[in-house]
Structure formats: structure tokens, C-alpha cells
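Below are two complexes that have subunit A in common, paired first with subunit B and then with subunit C.
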Partner chain A sequence: MVAISAKKAAGRDVRVPRSGKATPYLFLAPYLILFSVFVLAPALFGIWVSLHDWDYMLEGKPFVGLDNYTALFDDQSPVYGDFWMSMRATGIFTVFSVPFLVVLPLGVALLLNRPFRGRTLFRGLFFAPFVLGVAVVCLIWRLLLDPNLGLVDWILGTPIPWTTATPWAWIALVGVTVWWTLGFNAVIYLAGMQDIPRELYDAAKVDGAGRWGAFVHVTLPGLRPVALFVVTTTILASANMFGQSYLLTQGAPGGETRTAIMYMLQQGLREYKMGSASAMSYLLTLLLILVSVVNFRLFRTRS
Partner chain B sequence: MKRYTGLLALAVLFVGPLVWALGVSFKTQTEATRVPPTLLPAEPTTSAYGTVFQGTTDTPVLRWFANSLIAATGHMLLVLVVSSLAAYALARLEFGGKKLMFGVIVGTLLVPGFVFLIPQFLIVDQLGWLDSLTALIVPGAAGAFGVFFLRQFFLGLPRELDEAAFMEGANHWHIFWRITLPLSRPALATLAVLSFLSNWNDFIWPIYVIFSPEYFTLPPGLSILQGAYTIHYPVIMAGAVLASIPVLILFSLTQRYVIEGISRSGLKG
Partner chain C sequence: MSLDNLSRRRALGLGLGALVIGAAGCGGGGGGPKQAQAPATTAAATEYTGPSVSLKFWNGFTGGDGPVMKKLVDQFNAEHQNIKVSMNVYQWADYYAKVPAAVSAGQGPDLGIMHVDSVATNAARQVVLPLDDVANALSLTEADFSPPVWKAGAYKGARYSIPLDVHPLGMFYNKTVMKQAGLDPEQPPKTGEEYMTALEALKKAGIQGHWATPFPFTGSMQFGTLLYQNGGQLFADDAGVSRFAEDPGVHALTWLVDLVNKGYSPKNVGQDADFIALQNGKAAFNWNGIWSINTLKEIKNLEWGVAPLPQIGAKPAAWAGSHQFVVFKQRTPDQNKLTAAKVFINWISGHSLEWAKGGQVPARKSIRDSAEFAALKEQATIGTQIDYLYFLPSVAGIGDASAVVDQAINAAILLKKSPKDALTEAAAKADKILEANRKKYGA
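So, the complex of A and B:
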């Protein structure tokens, strides 16, 4: 066995040390066990659950075929109204948060994309909120946005109910999310900018481009692959929004800001209607895959 | 100069809320509810911290702190061990089905995390892990990020040292332990910090798998604390500070690793 693998290696001129046939699997085993039990099995098991009337609290879990899926499209079903209201909330949040989360970090990255004293410090300061968890961030902002005790209304001189009425609740959710995660996209843009060859800027200068010209003709085109990554991950992250609604607005007013994930988990892990909740999660996944594909196409046709 | 004005304004916007929250945690209850709000505590007091450290049966904050520390450390160690072993096999060893296996593992990075939550809950229930720290430590270590991240790093390491060691009779285990791992310290540090942070901050999973106050970590605990102390903002903010200090210290010490790790994996992802 050892001789064979050594010969194979020599034949392909790859000087990999010989190993017994079992060696790779021994290295892989601990991870593969975890991966199978907690990633692969759940992905498949979830489909199975979604085909049943799976109530965690009940003994019988009858097979219902695609009923959990069709119920989401049947306006007579008990979940229809709340489910689509939550999808609407996720849609609104995604549409309003993504442009800010894509454009503002680009501005911050531009500010940081030149050597100056304190650059690492500022980069760290802008990134700091992202290091905190959603629980801490929302606690701090609940107080800041409190209409009676909060600093925000006091500074603005307004009595705005930021977390209990729309459209203010949307502004609060988007604003807090931008504050929390801007640094993440900014450092990714920054890394992308530093990969753009210096010569391109020199060439632009020779061609008479000013700073704006260099930005439009060198920086932006050079950032296309990075921007694709940023746009895609930001859309996915926004569509996954849960904690901010759960903690900041608690879905108020009247469930208007309750997102799809929040509703899905409430159905599945609070009311234990896991079949229906699993069906929701797969439908949402399907939609997100579609969005990602469209997104990739758009970027491809532009290049 | 113009650049610094912009940078300073932004810095106030990003750090101001954190400084203010820190200030509130040192205020008296009367001052915290005073209108208009004060920017910094007029008569600083640590009484809110006294309340937090003392805790109650429903809000054992120090216990939550210890749980967070145990869960995040345990999770981090498990991720490092299983991911580095698997990444070595995927980067350095040849075996049938390797491409397929790597494809499946990386493919799961594209599946949104919420899909796994309900079936994972059922599996963790079957294992008898609900309402225990095990549920917070183990399932998360199955994520594909660590394997993907370390494999990319291992592929970039020179093979000459491996070959020299092999000539001297070393086996793969020796090479992994004495050459690959020591050369990968920066990548391992990045992965360690990122896994610690993500586990320390996780909110969505613990609120559904933990039921008893004594097994909560800080993030779900903070929302209990808020429920218990409603407008006692100094106490609530002291809890928030307690949850932030470790990660902010960790981040300030390892900023380079964290940010470079994130931007590198971002560009390759």
C-alpha cells in the first residue's frame, strides 16, 4: 500500500510524503463527524421535517407532503398573513439598508486608503462596533434612542418614537445596522483598493485624470470583484436580519418590523411548529439563491 | 487637515455611543433618568457594578460571564483542532473524493445559517444537550469557515520543509505538528480570535437552546437583565460594558490579525 502510493506520487512528480491509505481520513475524521452531524444531517433532515406536520410537543408527526409549502401561498391558511408581512419587513429592511451599507463604507475606505499618521487607529475605531454583539449594540441604542432619556432626541430636539412607530423604526433599524457593520465592508473595500496596481494611477495621472477621474476610471473598475462580494454578502446579511428587530423594536409596531427569520424562529422554536417553519426557511433560501444569481449576472454583463 | 476633520467626526460617531454607554454605567439611577440627559456622569459611582456583580437567581451576571468565557474558549479550541487537522488533509494529502468533499464543505458556506437552526435544535435535543453549555460549544465548530480559511493558508506554505522532514523519516503527523502548525501561527491566531468573537457574541442560538438562567451566556443574559431592570439603565449598561470589555481588549490586541483575516477571506470568498 505504501509502495503504491509512493510510486503514484513519484509518477506524477509530486514529492508528497507517503501516507497510509487511512491517514487522510484520520486527519479528517474529527471534523467530518461534526460536519455530518451538525451541518449535513440538519440540511437534509430539515427537508424531511418540512414535509411533515411536525409539532415538537405532539407525539404524532403525520406526513403532509408539500402542504407546509402550499400553505405559505394560500391566503386562507393561518400562517399566510403573518408570513408575508414578515417577508415584507425583510424586503423593506434589505432594500433600504443595502445601498447605505454598500456606499458609505466605500467612502470610509477612501478616507483610509492613504498612508497617514494614526491610520491603523482610525481603522480600528471604525471597526470597533462590529466586534460587539448584536445584544450589546441594541441595548446601547435602545437607550440612545429612548424618546425620554435618550441622547438622540435630545440632540435633535425632537420627541421621535424611534423604536415604536414607523417609519422611525425602519430608520432606527437601518441606522443602527449601518453603525454596527459599516467597518466590516470598509476593511474589505480597503483591502481591495490596496490590490489595485499603483501604475494604473500613474497612468491615469499621465492621461490628465484628476482625483475624481482616477476614482471613476481606476478605483471603481478595480474594485468590481470586491464590490460583487460586498453587495452579495450584504444582501444576504440584511435578508438574515433578526437580532436588531428582536431586540430594538421587538417587531413593533404591530409586527410591522418583525422580519422573516424572526417569524420563522418564533413559529419553529417558540410555538414548535417546526414543519411549517422549515418550509419557510427553504422558501427563503430559494429566494436568496435567486437574488444572488441575478446579482452575479448583473455584475457579469457590466464587465 | 481636511482629512483629519472628517476622520475625527466619524470617530466621534462610531466611538461616542460606546463612551456614553460607559458613562451611563457610572451614573446614579437619579442622574440616568434626568432630563435633559448628562453627557458624562456628574457624580460617578460604581453602584451599578455592585448590583451586577452581586446578581440574583434570575440574573446571575457573573455566572453568565463565566459561561461566556467557557463556551467561547471551548468553541475556539475545538475549531482550531478539528479545522487544522481537516485542512491539512485537504491541502497536503491525496485521497479519493477529495475534490467532492472540499466542494461540499465549501458549498455549505453559501447556505444561509438560519436553515440549520430548527433541525440542529432537534438533533441537539436527541443528543440530550439542550440547556447545557455543550450545545453552545460543539455544533458551531462544524462550520466550514475554519477549514476553508486554514486550507488556503496551508496551500501557500512552502513544501521544501515538508520534503526535508520526510527524507529524515518524519510522517504526516510529525510534519503537521512540527512544521505546518508552527508556520501557521498568524492564521491560527486569526481563526482563534474570530471564533472566540463569534461565539462570545452569539445571540440567536443560545436564546433557543438554553432555558435555565444558570446556563445563559452574556448576550441572551443581557436581554433578561433588561427585562428585570427595565429603566435602571446604569445596571443595564454595566452589563453591556461587562460583555464588551473582553472583546474590545482582545480586538485592540489583535487588530491586525482580525482585520487582515477578514479582508483576506473576504477577497477570496
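So, the complex of A and C:
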């Protein structure tokens, strides 16, 4: 508006710049400020914290260099055993939950993408558990899966210790998580499928492709960007799993299902050893960055 | 056993990532200098006559205890025109994370409640203020309470908390189930021998009498009880080293594991399943906290009773927690508020009979000995154990070390490790944690 009226007023063809050099940054500013204050600054501050014996209430926060990091690799340190057991728990959970959380929602999305009566209802049904909070989900399932009193064992007629022994606890944790969050990934896939042009399917049909052919050659390639998003966010979400173990198994048996985030919480906010907890966080972050890079590479080379 | 476990109903919304830990650390950036605040050592009053003040009172009474405390606070406000106490309730887990942050940001409440095993840590971290003058001015001594409860509120020679209540374990029993096995429901077992006989009778009737829970609530408390009954202790008095892996501890944990091995308990008891089993007639006995009284009272057609814990070992002992009053450090101390806070603490302490009805044993001896308390049959029964309750040493960060014991008990009762191995491994870990804490808190 300013530019146009300026042009009219002057009556000459002088271009008043619509935007200056700062414009893009000004547009970015609201997010950038929030990002810097609540993500970037704490993240950088966390590095500083991880180099100290840090308890924010204590006056002395001695600088310890890389001690908090080396302790994670020293089997004589008080944190070594528990930390790696928790990393192992996080690893197991991620490895077993991600495939289900990537593949099953795809199947669900394919089914829900076909025209049939009550489709909207079913779309709602599959998404419904995701609306529930982790506390609700886990309290319900903790009672259903109780090894001695639970409905699940009663129906199956088995005494399976779903919440107190491995590998059952892993099956329970992965199963509950899949039941809970499957709808979210399905909706993402569904949105992706609706973006694939119909003409491609028509063309595939003309070329003689059956349903399978259309799926492999049209649907899957069409979903690649969406799939990258789903795989990446699912890996990160699984690696950050906390609530399910905290509520469903309480880390049983003997801490085997205590995840890395749970242990960091214990270290940082219960024992107030924030330097140590930050160092653990950075190690986990580093591993997740590596995984994400590999993930992006894989999806890129395929195209 | 650690404060963590005290808040079973805690904290469901703790979704936290790496960054939060960084962010929490960030809060201290503006925390200002942490010089020790000189305690106002003027005499504490039982009356407050200054200008009107308002006090912020935080606690974690999210259960049936919340309304009871609220009622007491309302009554206090009505009787004290110039003091207005406003109460805020958080989940205990949130509370223990929030309070230090609030204090450090200069936004802390004036006073609150802490579990006794958190007092030393919060004293060392300068979250709470010494209260020796309250005790002096109100002429409170350990004789007014019970020595272990009173001593547990002192850290490095100074008093930091005034006991409100104690909440011990008791033995809850299902009378109907006992009758089914031909046991006299009016004569619950008192000794280890009687207990075993009862369990054997129940087993013959097809009932697993004592469900051995592997979870801190209340598995760790049962372990601690048995350990102290066997003459052992969790940690050395100065918490220099752990002692739970010595013979008394191994015997205690073996006793619990044997409940499973001998078929007196099912394997793989889930969280709270032991308490549910008592309620729905699948178990006869459940060693649980006094706070269970009101829960059980609400269940229609349940015939239950409660007795002191049986003496399995060489001497009587029982786990107990204790809620204690604390006063929080402020950026700028306000003498009027401090005085008013002391008046409040003294008043509530004097009215703790009402509090007992919520399912507690009053810490104050005069109230415990009153006829009114004796009329609270269940509370009074559990309260008879007052002289042999055990508490953790008053050492900063002691909860960190006892969290390790929880894992060992879990692994042993779930038959993943032998009691001896589980405890020995845990002891090595706990000793390292104790050492690290000594360095950190400068003991």
C-alpha cells in the first residue's frame, strides 16, 4: 500500500522498495525469539552446565571439565551401569516400536483411504486413543495388563507377567504405544495419500498396473516426503519415551525398562545432579542426530 | 523409602526432555547470591499482633488429606484476623521440583510441608530456614514428639522442621478371607511364627495370603521394616556407608522372596495389585500405610481390620514417614511473616487431632495420648508402633542412595537376582552415590 500510494503521489516511475534487507528476519523474528529463548539458549546453557557439578541451588558449582562425560564411559562411576542400562532400554524400545509405528499406520491409512460406509467414523476411531493423555492410557493398560488381576490374562487364560518381566514388558510397552499413537501417523499418511494426483493412478491403470502395482509405483513414491517425516519424528518420539515406562512398569524388573529420559530425570531433577544429567542428554542428542542424518541419507539416495 | 516413593499418586505429567533439564538449570541463573540467610533468632510467638499479613502455604496433599488441611487452614484464618493463609496443593513430585525453583526466583511460598527424608537435602540446598527459635519459643523438645521423629528434622545441629504427623505401616487384614482359612479374624498374627502358620493355613485353603510387591510402594517399606527388625539398618548413622546388604538385610529380603518361592504370594505382583488383592478377597494381609484407612472405609461390605506389623525379626520395628512443617527462605526476610508462620505452625500442630482423622498419627505426644485420638481406633492401633519407627539418617541427598535399594528389591522379588547379589550390587552403587553426595554437599 505504501509503495503504491507513494508511486501515485510522485506521479513518476520511482520504485519505493517494498522490503528492506531486514524484512525476512523481521518476519522470522517472532518464532526466532521464542526459539532462541526457549530452545537455543537453554541448549547452549546445557553444554555449560554439563561441564560443572551443577546444582542451581548451591553456591559452589565446581567446574569439572569433561568429567561428567568421561563418567559415562567409566565402569567404576556411580552412573555408568544405570545409564547404559537405560540407554539399552531406550534402544530396545526404539528398535521394536518404530517399525510397527511406521508400517501399521500405513496399512490403516490405506484402508481408511478407500471409500466405504462409515469411513469417517473409523478414521475417528483409529485416531481416538491419541487424544488421551499418557497417564490415562497407561493407568488403563496397567490394570488391564496386571499379571495377576488383569483382564488380558484372564481372557487369554495365561499368567503372562506383562508389566513385571521382560520380554513381556517390552511387548506391553510397544503394544500400548502403538495402540496409542498409531492414529497420528495414520492421519499423516492419509493426508499424504490425498495429495497424490489421481491422474497417476489412472496412468498406472492404463499401463496395466494392478492394485499392488499402483501401490508400489504410485502410492509409495508419492508418500516419500511424508514417510521421511513419519520415520524421523517416530524415531525421535520413541527415543524420548518416558511416560509409558514410568507408569506402566516403573522400570521393572530391576530397572530394565527404565528409559534414558527417565534416568536423566532421576539424575537431574530428583538428585539435582544437573551437570551429569546434561552430559547424558548431550550424548543421547548426539546419537539421535546421527540416526537422523542416516535416516535423511537413506531417503535421499532412494530418489 | 525415598521421598520419591511417598508420592505414588504423583505426577503424571512429567514429560521431560533433555532441554528441560537445561532449562531448569537456567532458572538458577537469576537466583541471586546464595549467602546463608541469618535466621531471625528473636523469640517466636504463639500470638501475632503486627499488621495484617498473608502467607503462602504449599503442600502436596492431593489425596483425601487435602480437604482436611484446607478445613484446618480455614479455621485458622477465621480465628486470626490479621493472618491470612492461602494454601496451594501440588503433586508431591512437582512440589519438590517447583519449590526450590520458586525460592531461587524469589517467588517462593512462605511455608510448606516436607517429608522428613527431604528435609536435610533442602536444608543443605538452602531452600528451607532453620527453625530452632520456633522450637525454643514454643518450648518444644523431643519429649513432646518422639525422639526419632524429632531428631529426623535436624540437620548439622540445627532444626529445620517441626513434625506434623507420622504415617507408619500397619498390617491390614481381610477378615472374611481369614475366616475362609479357619483363622480367627480377631486374633491377627503377631509374631513371625504365627504369621507363617497363618500363611500356611491360607495356602491350604487356596489363598495366597501376603502378596509380595516388588515396588517401592510398599515393598521397599516392608523390606526396611524387616531389616530393622533383624537388627540391621539401611545406612550407617552418619550415612558414611550403606549397611542394607549386611546379613540382616539379606535375611529380610530373603524372607520376602520366600513368600513368592513358598507360594504364599503370587509371582509378578503388579503396582498396587497387593492392595487390590486385599480389597477383593484374594489376599489376607497387606502391609500398607496408615493412609489406607480411609480408602478401605469407603468400600462397602469389606470386613477388614488393622494391627501393628507382626514382629518377624528379633525386635519390633516399622517403617514410617513423617510430614513436617518447613519455612522457606525469602529474598527479603519479613519478620512479621516469619512470626505469623510460626503462629500458624504451632496452631496446626496443636490441632493435629483433626489431621489424624485424615489418616495420620499426630506427631505431638500430648495429642497422641489424648482420649480423642484413642477413639480413632485404626489410627490409634497403628500409632502404638510410635516408639520403634525408623527413619533415614538426616543427611543431604540420602534419597538418592535409597532409590538404588528400590531397584534391588524389585529385581529380587521379581526373581531376577538373588537377594544377596541384588543387595551387594546396590550397596556398591549406593556407597558411590553417598561419596559423591558428601563431596557435593560438603559433609
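Annotations
We take it that the second predicted complex is superposed on the first by the 257 of 303 C-alpha atoms of A that agree within 3 Å, B and C clash if a C-alpha of one lies under 4 Å from a C-alpha of the other, contacts with A are read in each partner's own complex, and residues count from 1 in each chain.
Following the convention adopted for this analysis, contacts are C-beta pairs under 8 Å (C-beta built on N, C-alpha and C of every residue); 3 or more make two chains touch, one makes a residue touch a chain.
This structure is a prediction, so every number in the text was calculated from the model and none was measured.
Once chain A of one complex is fitted onto chain A of the other, the partner contacts of A:164 are limited to subunit C, with no touch recorded for subunit B. In the superposition on chain A, A:95 makes contact with neither subunit B nor subunit C.
By the touch criterion defined above, A:251 reaches subunit C but does not reach subunit B.
In the superposed model, A:23 makes contact with subunit B only, not with subunit C. In the superposition on chain A, contact is made by A:195 with subunit B only, not with subunit C.
Touched residues of subunit A were counted for both subunit B and subunit C, and B has more of them. Touch criterion not met for A:293: it reaches neither subunit B nor subunit C.
By the touch criterion stated above, A:135 is placed in contact with subunit B and with subunit C alike. By the touch criterion stated above, A:243 is placed in contact with subunit B and with subunit C alike.
After overlaying the two complexes on the shared chain, residue contacts for A:179 are found with subunit B alone; subunit C is out of touch. Residue overlap on subunit A between its contacts with subunit B in one complex and with subunit C in the other: 38-39, 41-43, 45-46, 49, 56, 133-135, 142, 148-150, 240, 242-243, 247, 261, 264-265, 268-269, 274, 277-278, 281-282, 284-285. Chain contact summary for the complex, subunit C toward subunit A: residues 4, 12-19, 21-29, 31, 33-35, 96-97, 100-101, 103-104, 121, 124-127, 211, 214-215, 266-271, 273, 276-277, 280, 282, 397, 399-400, 403, 407-408, 410-411, 414, 416-417, 422, 429, 432-433, 436, 439-442. Interface of subunit B with subunit A (complex): residues 3, 6-7, 10-11, 13-15, 17-18, 20-21, 24, 32-33, 35-37, 39, 81-83, 85-86, 88-90, 92-95, 98, 101, 104-105, 108, 110-123, 138-144, 147, 159, 162-163, 165-166, 170-172, 175-176, 197, 200-204, 208, 218-220, 222-223, 226, 231, 233, 236-237, 239-240, 243-244, 247-248, 251-252, 255-256, 258-260, 262-264, 266-267, 269. Of all the residues in subunit A, the ones that touch subunit C in their complex are 38-39, 41-43, 45-46, 49, 53-60, 77-78, 81-82, 133-135, 142, 145-150, 159, 161, 163-165, 240, 242-243, 246-247, 250-256, 261, 264-266, 268-274, 277-278, 281-282, 284-285. Only residues 5, 8-9, 14-17, 19, 21, 23-25, 27-28, 30-32, 34-35, 37-43, 45-46, 49, 56, 108, 111, 114, 116, 118, 120, 122-129, 131-136, 139-144, 148-151, 154, 179, 183-184, 187-188, 190-192, 195, 225-226, 229, 233, 236, 239-240, 242-243, 247, 261, 264-265, 268-269, 274, 277-278, 281-282, 284-285, 288, 292 of subunit A touch subunit B when the two sit together in their complex.
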